[in-house]
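Next, two complexes with chain A in common: one pairs it with chain B, the other with chain C.
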Partner chain A sequence: MNSLTIAPKVKRSRAKKCIWMLILPAVVIRAATMLYPLCVTFYYSLLDYRVTKQLKVWGGIKNYEKFFRDPSIKATLSFTLRFTVFSMVFIVVLGILFALLLNVKFHGKPFLRSIALIPWAMPTIVIGIAMRWGFNGTYGFVNDLITRLIGQPFNYDWLANVGSAQFSVIFVDIWKNTPFFAIMVLAALQTIPSELYEAARVDGSGAIRSFRHITLPGISKTLGTMGLFFTLWRISSFDLVYAMTSGGPGSATSLIAYKLMLETVKTLNYGYASCIAVILFAVMVLITILSKGIMRVLATRGERR
Partner chain B sequence: MKKKYAYKIGIWLVTVLVAFVIMFPVVWIISSSFTPEDELYTVPVSYLPSTPTLDNYKVMFKIMDVPRMAVNTLLIAIISIVVTIFVAYTAGYGFARVQFRGKETVYSLLTFSAMLPMIITLVPLSRMMLMLKLTDTIPGLSILYISSYIPFTTMIFTNSIHDVPIALDEAAEVDGAGLWRRMFAIILPMLKPVVATITIIIFIWSLNEFMIPLVFSSQKAVPLSLGISMVPREIQLAIPWEKISAMGTLIIAPIILFVTFFQRQIMDGLMAGGVKQ
Partner chain C sequence: MKKLFSLMLCLAIMLACCPAFAEAGETVTILTRYAAYDNWDKIVELLEEKTGYTINTILATTEYSDYCTKISSALTVGDDSYDIIDVDELLGVTFEAAGYLAPIDEVVAYGGDKYLTSWMENISKSGDNYYLIPSSYSGIYLYVNKDLFTNVGVAYPTTLDEFITAAQAITDVDNGVYGLGSAWMQGGYMFNDIQRLIMAFDGDFYDWDNEGTRKAVQFMYDQINTYGFTPKSVISEDYSAENQKFADGKYGMIFQWQSAYTTCQDEWEKYEIIAIPTFEKAATIMTSWGFGINGNSKHKEAAIEILKAFTDVDVQMLTLGIEYSQHADVLSSEEAAEDPTLVALAQYGAAGVIAPRAMPTYVNEIQDIMETNVSAFVSDQISLDECCANVNFGFEDLM
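== the complex of A and B ==
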């Protein structure tokens, strides 16, 4: 009798040990490469830590003061904001339209779906370097296509001027990411039962009405989550400008993550780099909390209606 | 009837336009790689080579150790695929099948960490890698790749193991199958499509990775994605397009093949939550 009551307990505790073994590798890898270094980053951001001067002493909030006084940071922040906002607006709007096209039943569907995956699968570094050449003032294909279109020679050095360089970077970012966003929206579109559309058609509502009242509510959750992910990725992206403009002309296209990268691998000012990383992290957490809050409010409002 | 016809034509027109915008730069890279060098530096641009040539590739192979980079890329990809799938599957099984204290917390921490890019931890990471002598080595790079793939793959495995009836585990347990046998001989075979999808997606992710090699490799463990940025340039803004396009084609050719062959699996995987840039 006694042994019977004890046995399951023993067994369960052994199972429990096994469970920790199961999730341990994943947790250890993530803790060692994300959680721990993140904490160290906080600490480093309070140091005056410069490899080139072999300096590693306490600095307090010196790095943060430097950050808010640094004149080049202002350009960086303003372009990061512009890059994120413009890219996101176009990615979301074009992404929804593209998703609707991908959802249409017609013979070109498999072809179109394969094509939609290509920008997502293309390494940013490859398309970035290629587009540095594509936007070249003399031999680039962008000027050449415009020349052929308008019928007279068009020569413009896109990446040498502030406004057009920013435009070009944002343009390529939209090209690279819209199809991926569309695929995620497509996943949501496919969960909307087609009976809803049929019922709406029977009721005599047009395409725009059913888009507003059936499609949009059906994909709103995905739009929210994906919108958040894509926004965070825009804020922390550096490889596109690394490949395409090297942050130039001047620091007109130097995104915050690109700046962080330069401090880490070029100037080797580890303290300052960590400070930028902490600020980037804080901004990302803030955006996450804000957008979660907004989504919750929108969801409850939708329910009440 | 007429309206339907117009609608169909409209759809095809838009499709062709979209396909053109997406494919133009890709086709341009590939065709440039077969164009003789002097033809690339002409105005107007010639999009198709008059006499296709492999010269650009020959030059490329002469100035850079492309085969070695290709081997590095493949090695890292294979290690990442095998280890990630093992780690994420066992973790997913733990999360989906067993109740234990703190599970929710650990799981939500893990999924939250998916949103954090590795770029914010680069400084301490590079110190750690240096201390462990992992900088510029295949295992060193692989562990970082794996780390960045774990959150999403664990989520996918957790969700798909949830969908497998628990009765299967219980039946196997009654038959005397141990935990490992249940996990790898009974449940894992049922998830073959998921494993295939994750394999393909990790392969593409690993070809795409640029930040990790940029920071952590210099000479020995250089993959193709870093290699293309190391092609020597005379001036920053001028690009040695004949070499870059050849190198670019070498990288994107397998990607395009994969995407066309495995379109369905990749789509399924992305839609199941394989969201990582």
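== the complex of A and C ==
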């Protein structure tokens, strides 16, 4: 081995060291802000850590056992699932329709685009409090609007009945978040060359066929990515029910993230709160992996075609 | 020149950091809802004059659940932005148990004897130390709308049967008028009615197999579903909605804190506070918010001096324009005799019908369990047996 063969290796080693030195601050920050809290939360989930009892002792899987036999958790999980599924279906469908509408050339489009974003731009807490009054049986604008539409007095206690309270929360969530989803889809729509549509039209393709074979593949990556983000945001959402219903009646509109918030800041039961956080995190990781897999399969199929 | 500049800079930093020099201009920050009242400025002026410290007030939200979240989060992470905080009994006992408050035994030794012994021993004291000094005083009163009673020609109720009869007589569903209003939104509102009714039906807060406790919860269900004199909407409403409906003549009666008087004060001739009727017994609840010192505060000594001065009678008299005082000299003053809620408070006290709420250290946890289950019961999601079993299970779990 002579000096001519050693030199490139030394250079490569130095380059590697240099690369590591450059990315080290980012790795340290990432570890401190993500890995450390994650590990600590998992560790806390195995403790009987209740601040009001000045308790911080090893509890093993006690919190996890409690999670699966807690009577209020079943209702909370059930509504979290419904909230996520219904919200996502409507946000995606209405978001695409709204984006297609905004993509059509018409007078006043910039104005419509601007006002469409208002619900999304408003803080959720503000919307939650406003909607608590909006859906109030006596003073709410919802009953007032229906009364004006049907021409006779309409009184309904939206937030006091299980089904209607759940409907109201999901409805407000859809109303608030659809515009942002639509704007994202609109951005994707605008990257599709108009020549493709013209060529399809010349070939005799109708609107539905063009949508299926040009529009949908063109926006599929955006739909996949935004769909994943929106799903995770729904699962970790708590502020709307916090301000609008406080999870009631009973646990009918309680979301899992709302339950987590109560355990953390109200009852100061850090062990149980950490357990809920770990389970929530695991579910979110699972959904991310699944959706990534689905997106990969869809992309492979698209390439084959 | 550079050396001189560095020396001066070091000196300036040392002066800023040294408590002995900083003390002269020490500022104590108080987080309270009372900052919205005119009299608060007068109180601050007087406290500053008495102690020589500067007081910075931060207005706290009146939305109770938001306040709980904000203050709990701040104390949990060791925030020292507030030196003195204003907390209700639920938060008070929770924070005492969690070790978030600093002891104020000196304050209690200075002026604590002027306050209700039961409150000082049950709420302010934890272990061997005191942590809170009352900042307000209120009870749940029975307010009536005089016109609605006159219209249907029924007398003010004194017994449970009379109460049900009067409430049903006033109820006119077609016109949106109900005999009894409530606020049962979860997050503290419903909890007060649960506590009050358990006391009124002679139940046991800690035992949900107790007959009186079950009767109390059943009565809440019956208000809406059997007698129909309370609208179902109360399940999702807070005090602001309840007070507004009462002021709009939609409720014949409400059991409510002093806030209903504040809402209806301008047309008080239409309303009245009456004696608490006897269900199993005549009973209602009282509350006092209290000032405590943040355990993380860097100005504990100054905060103690301010709280001492706060117990002085001239400062306490100014609280009459806010949410009243528990101070004995204020309650027996001529000014207090002009206020209908304080008169009622004195009458309830004399009749022995008013008492503090049960406040175990795990009160926030049990409150959540009780409200979730009672709300589910009154909205027909679960049975009374399931409701009571779930609450009992909650107690067992917390013990």
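The rule is simple: the second predicted complex is superposed on the first by the 271 of 305 C-alpha atoms of A that agree within 3 Å, B and C clash if a C-alpha of one lies under 4 Å from a C-alpha of the other, contacts with A are read in each partner's own complex, and residues count from 1 in each chain.
Heads up, the rule we're going with is that contacts are C-beta pairs under 8 Å (C-beta built on N, C-alpha and C of every residue); 3 or more make two chains touch, one makes a residue touch a chain.
All values reported here derive from a predicted model rather than from experimental measurement.
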Any idea whether chain B or chain C touches more of chain A? B
Is A:A257 touching anything from chain B or chain C once the two structures are fitted on A? First, second, both or neither. first
Let me test your reading of the model: by the given contact rule, A:M284 touches which partner, first (chain B), second (chain C), both or neither? first
Of the two partner chains, chain B (first) and chain C (second), which one does A:G134 touch, if any: first, second, both, or neither? first
Which partner chains sit in contact with A:S246 here, chain B, chain C, both or neither? Use first/second/both/neither. both
Now for A:G224: first (chain B), second (chain C), both, or neither, which partner does it touch? neither
Does the superposition put A:P179 against chain B (first), chain C (second), both, or neither? first
Partner chain in contact with A:S72 - chain B first, chain C second, else both or neither: second
After overlaying the two complexes on chain A, where does the chain B footprint on chain A coincide with the chain C footprint? 129, 132-133, 136, 138-139, 159-160, 242, 246, 261, 265
Of all residues in chain A, those that touch chain C in their complex: 51-54, 66, 71-72, 129, 132-133, 136-139, 155, 157-162, 165, 242, 245-252, 254, 261-262, 265-269
Spell out the residues on chain C that touch chain A in their complex, using ranges where they run on. 63, 65, 68-69, 72-73, 76, 94, 97-99, 176, 185-187, 231-237, 241, 244-245, 250, 361-362, 364-365, 368-369, 371-373, 375-379, 381-382, 390, 393, 397
Can you list the residues on chain B that touch chain A in the complex? 8, 11-12, 14-15, 18-19, 21-26, 28-29, 40-45, 47, 86-88, 90-91, 93-95, 98, 100, 106, 110, 113, 115-128, 143-144, 146-147, 150-151, 154, 179, 204, 207-208, 210-211, 214-215, 225-226, 228-229, 236-239, 241, 244-245, 248, 251-252, 255-256, 258-260, 263, 266-267, 270-271, 275, 277
For the complex, which residues does chain A have touching chain B? 15-16, 18-20, 22-23, 25-27, 29-30, 32-38, 40-41, 44, 98, 101, 104, 106, 108, 110-127, 129-134, 136, 138-141, 144, 147-148, 159-160, 175, 179-180, 183-184, 186-187, 190, 226, 228-229, 232-233, 236-239, 242-243, 246, 257, 260-261, 264-265, 270, 273-274, 277-278, 280-281, 284, 288
